[in-house]
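The same subunit A turns up in both complexes below, where it pairs with subunit B and then with subunit C.
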Partner chain A sequence: MNAEIIVVGAGIVGSACAHQFARRGLDVLVLDSQRGGATAVGMGHLVAMDDNPAELALSRYSIELWRQWAPSLDPDCAYRNCGTLWLAANREELQAAEHKRETLSAQGIACQMLDASALRQAEPMLRKGLLGALKVSGDSILYAPNAAHWLLAQGGARITRRQDQVSEVDGNRVRLADGRWLTAEAVVLAGGIHASELCPELPIRAKKGHLLITDRYPGRIQHQLVELGYAASAHANTGTSVAFNAQPRPTGQIFLGSSRQFDSLDPQVEGPVLARMLRRALDYLPELGKLNAIRSWTGFRAATPDSLPLLGEHPQQPGLWLAVGHEGLGVTTAPGSAQLLAAHLFKEPAAIDPSPYLPGRFLPVPRPTEHSA
Partner chain B sequence: MIELILDGLALRVAAGSTVAAALYLGGDGSSRTSVGDQRRAPVCGMGICQECRVSIDGQRRLACQTLCQPGMCVETHA
Partner chain C sequence: MNEDFDLLIIGAGPAGMAAALAAAPSGLRIGVIDDNPLPGGQIWRDGVHAHLPANARRHRAALAAAENIRLFSATRVVAIAGPQQLLLEDDERAWRAHYAKLILCTGARELLLPFPGWTLPGVTGAGGLQALIKGGVPVAGERLVIAGSGPLLLASAASAKQAGAKVLRIAEQAPPAALAAFALQLPRWPSKLLQALQLFDASYRSNSHVLAALGEERLEAVRLQQNGKLVEIPCKRLACGFGLLPNTHLGQALGCRIAGQAIAVDQWQACSLSDHYAAGECTGFGGSELALIEGAIAGHSAIGAQAKARALWPQRQHWQAFADRLGRSFALDPRLKQLAAADTLVCRCEDVSYGEIAGCSGWVDAKLHSRCGMGACQGRICGGATQFLFDWPTPTPRPPLSPARIESLLQLAEPDEAG
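Our next item is the complex of A and B:
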């Protein structure tokens, strides 16, 4: 045995898993090749998403865990409880906002409708004519790469971190690029979009996203601003879509998303997609045109067919545990994912129903092998 | 020659000078102070690195991509 638990991948999900196991007194070896992943490039909006009950249960539970940790997070994690405003531009979106309010309230998530004038008062930079917004006060933002470091550091001596490329997994064993095999009680695969190189049977597709950040203009916006059409864009299964999503960075920068594209693995910033995304942003924040952008970049979300992560033991590989497929919500849902996985491993009751995230929904359990005479 | 104001002081530069050149001629060479409280200065000189962001007449501009104009007001501590 090289450790009690081996975690492949030190993004936010792998780090949250390592943290959880270390807290339960296990020695954890975290392997990461440092090839980089979504955690380093994403937006870090901790947001209650309600496209289906399982997504809402996991995001709500996870946001609560982030809130508990918030006072002890390092300052460079840049956690801010800025809240989200879901913006309604027309009557249907206003109805959608009201519907969202009911859904979130039913789960005990604090939220309230702002009418047009309350919205203008809260965010004067937004264009005139918006009908209102749903304010979700408990949503926050976080600088995820530093939060991942913080999670690993909390494990103290229980967590060992090594820079290593894993080239093969086989149940509770992993093979390193130099050919050596390492063994543990359990291996946790948290390799993000790269996990399917090690397990080609995983139903994971890359969804490319563009982001852009401005120079520092403190105080222009106060909340994470998202158009209500966002969920439709986020869950489209084909084509390229954009939606307005703007985040106030603690530095005063304005951080803009979002775009979604399938079937590209080219990290290049694409002018036409970025232009569409920015036109959308200008439609909501006309003054943006006077501000300077300083960087734009792209990242890849690991999308599953139902947009929910795979959390649990691989049905065909005893000893291999999956924590992958977090799509555009993995910074939010990392803490809850780690708790669910640990509960499985320790055969404890979980805080939320773990069944919607079980890998078996996509990976068939193998039939007993037939013996030929 | 063109006269502009750099951090409150008058500065004369040759016509056709960039603001980046003016920063070196008239100041400490820096364009701004970073969030980490470090002074920052032009690096690439071709509008890519974004290090030379500076306040010009109240607007954030790139010093290396902006030519000095008469009466221009450049602020590196804004």
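Our next item is the complex of A and C:
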């Protein structure tokens, strides 16, 4: 036995899992290939998403956990409770905002409608003519790479982090690049988009995204600004889509998203996609045009068919636990995901219903008598 | 908006100008893109107090006279917009330039190494000091120390003296034996010998390097390790020149092979990517004489004038030998890697100290956890320093290649979407 728990992947989800197990007194070995994943490149927007009840339950619960940790996070985690404004550009979107308000309020999430003039007052840089917005006050932002570091550091001596590439997983053991096998009570696979290399049967597709950040222009925007068409873009299953998403970084920089493309694993920034994304951003923030961009980059979201993560034991590989498929919401839902996984492992009641996230919905248990051809 | 060029040259320093002039007789449409307000590059930088050498004036005049050469000054390459297309930006507009052939003459920048106090006002690069003086910053009567390595120290001291500054010390880190060996070889390049004699300065000390810049609000004194002894010299300015780093950004982004720290070229100055050439400092340190020859070879090669290119090979070899000799004689002492203290800033854009990144596993790790290199310069300064300090490889460039207006990036859209 090389550790009680081995976690594969030191991104935000793997780190949250390691943190959770260490708090429960287990010794955790975290293996990371340092190739980088979604944690290194994402926006770090802690956002209550409500496209289905399970997504909302997990994000609501997780944001609450982040809020509890917020006072003790290191300053370099750059946690800011800036809130989200969901922007309505037309009547339909205004109705969608109202609907969202009802859904979130029903779950006890503080939110309020801003009319056009209140919105202008809150964010004067937005173009004229927007009809209003839903303000979700409890949403926040943080800098995920350092938040992942912080989570691992909280485990103290219980967490050992090692740079190593896992080449194979088999139930509760993993093989390293040098051929050695390591064994634990349980192996947690939290490798994001890289998890499919170890478990090709996982129903995970890469959704490529572009991001761009400006030079420092302090005070131009105050909230994370997202268009209400965002969900439609976020859940499209084919083609390339863009949606306006802007974040005020504590540095004064403006951080812009978002784009989605399927089945590309090429990390190159694609000019046409970037340009489409920026044109969308200019639709909302026309003055952005004169601001200097200093960097753009891409990343890959690990998306499942129903946009919910896989949290639980691999039905075909006892001892292997999955914490993957968080798509663009991994930073938000990492704490809740880790809690659910720990509840499974310790056979405790979970804080929210764990069934929507069970891997069995995509990975059936093979009947012992059945052999594949 | 689009523009088509048969030959596009990036950079209007000696290499770029020589390349354009060598290619001009072809009658092809030639574009020269340069980010400075006036052509000349770093070495022939113009300004209110600049004294341009005759050769620089001749090149500028010839460039202006050639009808098929268009110079775009104060223009930056923002991104690669497609195959053989660059997105350009000046202060007013952004546009795409299509080219059949490209010559990279992107020059070099100063290697700035961190040491305690290096960010104090009054501390600059050695080339930076020259640029300030040419730009009209008055230094008359100012007490000044120059430190680092190589002939740029002497050239910088000469500019300062000409502008009326008092050069108190020129601290060269190379040991006396290396300098003596270099001096013995100098007669092979008579013009350089003459230059060295003209530039010689009594305040020159070998085996000496900077330890710290001292001062509260701005520089007040410099602490040097001078031949094994500690000395402190009160002064108003310190100019440090630790050598030059080839600007390989655009070449790398295009996919040209990089060898060592420079763009790799063959005997025709051709890059690994077909129809792309490179010349001058971006292909490795060489000085303006070598840059002029390389630029001309690249210009001739690009228009198919192979015989003319070949005729210049012996000259290139002559000046390449000088550059190689310089590189060996003024190789940086590894002790210079130890100058920074834990609280010495490495990344000035984001205020990241040496202590914050010293334990990191590499550039990406340092960047992710400390913000090192994430500011406006995108690691141009600190990336060079960390390469020297920790042997971290240079990061892959991503658009924009230099800070660019968001509206300029809209031009990267598919043609029917650009609007």
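Of note:
Following the convention adopted for this analysis, the second predicted complex is superposed on the first by the 368 of 373 C-alpha atoms of A that agree within 3 Å, B and C clash if a C-alpha of one lies under 4 Å from a C-alpha of the other, contacts with A are read in each partner's own complex, and residues count from 1 in each chain.
In this text, contacts are C-beta pairs under 8 Å (C-beta built on N, C-alpha and C of every residue); 3 or more make two chains touch, one makes a residue touch a chain.
None of these values were measured; they are calculated from a predicted model.
Overlaying the two complexes via subunit A brings subunit B and subunit C into a clash.
Contacts of A:297 after superposition on the shared chain: subunit C is touched, whereas subunit B is not. When the two complexes are superposed, the chain touching more residues of subunit A, out of subunit B and subunit C, is C.
Within the superposed three-chain model, A:215 lies in touch with subunit B and with subunit C [touch as defined at top]. Of the two partner chains, subunit C is the only one touched by A:146; subunit B is not. Once chain A of one complex is fitted onto chain A of the other, the partner contacts of A:8 are absent, as it touches neither subunit B nor subunit C. The clash between subunit C and subunit B in the superposition falls on 45-53, which is one of the stretches 45-53, 171-179, 297-305 or 405-413. The intersection of subunit A residues touching subunit B with those touching subunit C, taken from the two complexes, comprises 215-216, 290-292, 294-295.
Within the complex, the subunit A residues that touch subunit B are 215-217, 251, 290-292, 294-295.
Residues 79-82, 87, 361, 364-365, 368-370, 374-376, 378, 398-400, 403-407, 409-414, 417-419 of subunit C are the ones touching subunit A in the complex.
By the touch criterion stated above, subunit A contacts subunit C in their complex at residues 34, 36, 40, 76, 145-146, 149, 163, 212, 214-216, 269, 271-272, 274-276, 278-279, 281-282, 288-297.
Subunit B contributes residues 35, 50, 53, 59-62 to its touches with subunit A in the complex.
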